[in-house]
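In the two complexes below, chain A is the common chain; its partner is chain B in one and chain C in the other.
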Partner chain A sequence: MTATAARPAAVPLGPPPSMVVKKFVSRVLFYVVIALLLVFFMLPMLWIVLAPFDASPSLTIKLPDFSTGNFSELWHNPYALRSLLNALIISLGTMALVLVFGALASYALSRVRVPGRDALLYALLLLSSIVSGTAAMVPIFLLMTNVHLIDSQLGVVLVMTGGLLPAAIFILKDFMDATPRSYEESAKVFGASPLQILRHVVIPIARPGLATIAVWALVNAWGNFLVPFILLRSADKYPAAVVMYTFYTEGGQPKLGLISAFSLMYSIPVVIAYLVVSRRYGFRFHGGIKS
Partner chain B sequence: MARIILDTLSKQYPNGVLAVDALDLTIADGEFFALLGPSGCGKTTLLRTVAGLENATGGRLLSDDRDVTHLPPGKRDIAMVFQDYALFPHMDVADNIAYPLRIRGEHRTQRRAKALETGTGLGLENLMDRRPGQLSGGQQQRVALARAMACQPSVFLFDEPLSNLDARLRLEARTFLKKLQKDLGVTTIFVTHDQAEALAMADRMAVMELGKIRQVGTPAEVFHRPANTFVANFIGSAPMNLLAGETADDGLRIGGFTVPFPHDSPRLPPGTPVTLGARPEYVDVVGTSTPGAMAGTVTIVEYLGATALVSVQIGDERVPDGADPVLGLTVQAMVAEGTEPQIGARIGVTHQPNRSLLYAADTGDLVSGTGSGTGSGTGSGIPGSTAATVSTTP
Partner chain C sequence: MPRTAVATDAAGLGRARAGGFVAPALVLVGLFLVFPALWTIYLGLTDYRLTGLAAAAPKMVGLQNFRDALADRFFLNSLWLTLIYVAGSAIIGQTVLGFALAWMMQKVRPSVRGVVETVVLLAWLLPGSVVSFLWWAMLNRRDGTLNALLDTPGYNWLIQHPMLSIIVFNTWRGTAFSMMLFSAALQAVPPSQLESARMAGANGAQQFRDVVFPHIRGHVLTNTLLISLWTFNDFSPYLLTAGGPNHKSEILPAFIYNRAIGTGELGYGAAISLIMLVINLIIALLYLTLLRTRKVKT
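After this line comes the complex of A and B, so read on.
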């Protein structure tokens, strides 16, 4: 009572006007910056959906002079469709290997106490960026030559699997760690063999993690240019990323119509894969089941 | 249906911790047996060793006359219910219950039928299509039990079967489990840290401490005659009063007071350090000047419903013989509702000599009724000199 009575009656409510203005201006500036950034990142995407349908595409974004000529030209290109199939083979192969080896290795690493396990994992993770990176390309090329895997899609798959596995194991181990051991022990008491435990219990529970890794491996292999470019020799084995690099005129000018149409077709599978997994599993990176 | 025999069974972890220390124990066929102890006493390790999830590092484990010490878990004819129930979250109730049958390679339709049959027995028939995440704790427990029953094992192992349930459900589940076990007649070993659970459910129980069994017996035996001060302190809803003192000719000297010997005490030489054990339920509140009473001040009164637990700080300026009162000596007494004294009141407390026990001060082992000491008859040994001070009623 005394406190309210003592308060001066003329105190205005809320902050003073100068602060309101300041807040308003900083808000406006914030949204302007956001809008500019958005436009900056939107431009290439807009180009990729508009340019393929333009009769004479350029590097500017404009409403297309509608035509499907670019796609029919793509259809008649001897390497374009073939390369999409190649890319699919290479990326599905890589995905399968990463999943199988990643699941087995991460399960083992999660369950068995190995001295220096975490150090090993971190070292692998660090080195993996080198393995499939530019720095190691010469030794990898020599290695692949010696094991006769040059100009072979299997070689490309193996090299990319090697590059992706450490990170995959690292992420999957997290999922495996989050699976309570009592699930496995329960199955074990009922007489399940280790492989049955993995098949019936561990893999179904780690499925969101496996799906995440599957899409991640697929996208990485799908978009990789350097490894297939260096390890493959024959044009009919090139994946899409490499074939796109050949879409030039004799004069060295990029064939923008072909490139844009091909880019669109090249990006669709990745978007679909993302949407499917995102819808089913919501892309959680920590998706273990709470006990 | 099997008899389980532990023959100097040991489990030592690689880091040197001896979790199970050369235990000998026989669990009879069809018995409901409790392993009780504080956390870290090795009871869960023992259960997991029986299950085969841990390898015994010494001794033998027999199921009937079959040596199962080194068999894998699946070959031991056991079923285990885990503390968190370990229901597979990606399978529905029917598939969960039928999982042991799936491992045995039974056909899917046959599995589902058997799962429904087992589930119906436990009131789960309407839940067969649900996932474990959609069930309440009690339902999950019943699914876990059904899964254990589905493989018709000869031994059940329950690891803390009630600890994941809320308090009210726990009481229901206790009755339910006991009845189920009696109906099935399957040898069952369960682990618990809750002495009330062990007393209520078990036919017999083992109290463990630091990898060793401190006492084996029926709940009544363990409650009435704890074999040592550890068990005495662990069993009972309020811990037993354990009062340090020493023997004299005319009774026990405790905190400057002289109280009567417990009835079946052996005759000990005067001056022997001993511990008097008296349950709060068997301690009476009397007047301060009652013979054989310890006088003190009421410090805490805990209301428990029909009863109240009264803590009395022993100590009095009017100590007989002018001896110094022992500070910090507290006796707890259980009194009926409505008769509890006020905090700060001066009262006396007496133990009931026919229901209190005497322990050796150094080893903590029970000496009452053991016939050791200087030859008083077992059971009847009220030393003549203390007869006059025996006074259980005010």
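After this line comes the complex of A and C, so read on.
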């Protein structure tokens, strides 16, 4: 009894020193964990930043013995620049088709009640997520062989467009739904045709959505390895993703100078595209999730 | 769904023209997405091969390919490895690491947060061929950085631990998505509820279980299903190990490639693809059902 009565007097005014130490230690541990995670994510990427500028690059990450020799090797390699150009052709082509057909289809689906529209959209979304390049590689390979689109960049563009369109339509339809109808009505009063209305009224308003889809399609096509790997045969048609794996010496050793400089050149456009979009439109959440 | 204001045809498009607008997209999707999927079903029932007698005149063999698959220890091995790969890199690796990062980034200065998020995002943005090479370089036996750091010269990680290598690789590659999703989800947890839990003396784990988790449960499910689907269909581990050594990291995409295009067994490859499509379908249906029930609730 007396013990309980005496206790309140013993309560100290601040937190006990052991608590302060504990808090300090946990704060330090917290930052150690963050630093370790940062190292884990950064370490593999350091090579692509340092090795391209090294006179004699090895696989180990080390401070470069500065030289621009790797870039001149890249410049003189017949396939390297060619493949970047090929990647550009393929991804711009894919982007253009996805944008044009995606915008047309999503606009029509947003404005007109085609019978079975909701079922169609649902089926499209389902399809785009289940039919992946990996699961469909056999029939796509056979189909392209039969229609003589094997070893053709057009074939690669068409296959990629088919794969990207469903998700593009799904996302674009939301943007189209959100554009106000009153502008279209007044344009119609002044005698504009539906295509004119789409071009001069709807597309300018839906531009943020279209820009997001454009970059998304571009980055996807730019990085796609499997489709060109299966469908292309001649080395002068390979895009960057595939050509990287041909930079080996006769002895099977990777040409590290060339590969490092090439990886850097190949990666920079993706990073720039991301920065532009995130600065302008806030890219953060158009990655395919909308809830 | 009832007729809503959404579908007012302000531009006077009309059904016929609307059909014309939708047609080109549908033709492309039909030719290069739907048709291949359907053809997979047919091919899976034949003994089609890339070369030789069965290339000229493929025969229908019914369900033989599927029976072969169930008796093929390489297929069963591949299925098992795929399960380990998805569970290890998507469900455990990306979800846990992504959540941990999102959670920790709430409590740091904006500058630190900016640096960490950019680095994690870069791993996700860089082209697959480049990141595969970067990891190949890091894990290399002769002068890879990992051996230099751990002082284990000559240790061949890709041969000794092929599965661990591709699991860590895919965790590194894909964590950004979970991190972004969870950091958006965590912003929706009301701070007042966390505050009252703290006042009531709940510790970190209890706060997580009773306050945070109920708010983000839907996002956890969404995230798990989506990244499982993507990981399951991911071809890039092939660039690291090509399924080897000796089938030890031959997950389904690598198995299909090695059998269909590598040894030319197109029919058998198509049958395995079909199994993959069915698994994709199940995951996607789960996801869509989930989205729907959530829409009904709100």
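Methods note: the second predicted complex is superposed on the first by the 234 of 291 C-alpha atoms of A that agree within 3 Å, B and C clash if a C-alpha of one lies under 4 Å from a C-alpha of the other, contacts with A are read in each partner's own complex, and residues count from 1 in each chain.
Assume contacts are C-beta pairs under 8 Å (C-beta built on N, C-alpha and C of every residue); 3 or more make two chains touch, one makes a residue touch a chain.
Small disclaimer: the values here were computed from a predicted structure and weren't measured.
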| item | value |
| --- | --- |
| Combined model on chain A where chain B meets chain C, clash or fit | fit |
| Chain B versus chain C as contact partner of A:190, first or second or both or neither | first |
| First, second, both or neither for A:126, with chain B first and chain C second | second |
| Chain B or chain C, by number of chain A residues touched | C |
| Partner chain(s) touched by A:271 [first = chain B, second = chain C, both, neither] | second |
| Which superposed partner A:204 touches (first chain B, second chain C, both, neither) | first |
| Partner chain(s) touched by A:97 [first = chain B, second = chain C, both, neither] | second |
| Nearest-approach distance, in Å, of chain C Cα atoms to those of chain B in the combined model | 7 |
| On chain A, positions contacted by chain B and by chain C | 182, 185, 187-188, 201, 289, 291 |
| Residue ranges of chain C touching chain A (in the complex, touch as defined) | 1, 3, 6-15, 17-19, 21-22, 24-26, 28-29, 31-37, 39-40, 43, 97, 101, 104, 107-108, 112, 115-116, 119-123, 125-131, 133-135, 137-138, 140, 142-145, 148, 172, 175, 177, 180-181, 184, 218-219, 222, 226, 229, 233-236, 239, 252-253, 256-257, 260-261, 266, 269-270, 273, 276-277, 280-281, 284-285, 287-288, 291, 294 |
| Chain A-touching residues of chain B, taken from the complex the two chains share | 51-53, 72-75, 78-80, 82-84, 86, 88-90, 99-100, 102-104, 151 |
| Residues of chain A that touch chain B when the two form their complex | 180, 182-183, 185-192, 196, 200-201, 204-205, 207, 289, 291 |
| Chain A to chain C touching residues, read off their complex | 30, 33-34, 37-38, 40-45, 47-48, 58-61, 97, 101-102, 104-105, 107-114, 118, 122, 124-143, 158-159, 161-163, 165-166, 169, 177, 181-182, 184-185, 187-188, 194, 197-198, 201-202, 219, 222-226, 230, 240-242, 244-245, 259, 263, 266-267, 270-271, 274, 284-285, 287-289, 291 |
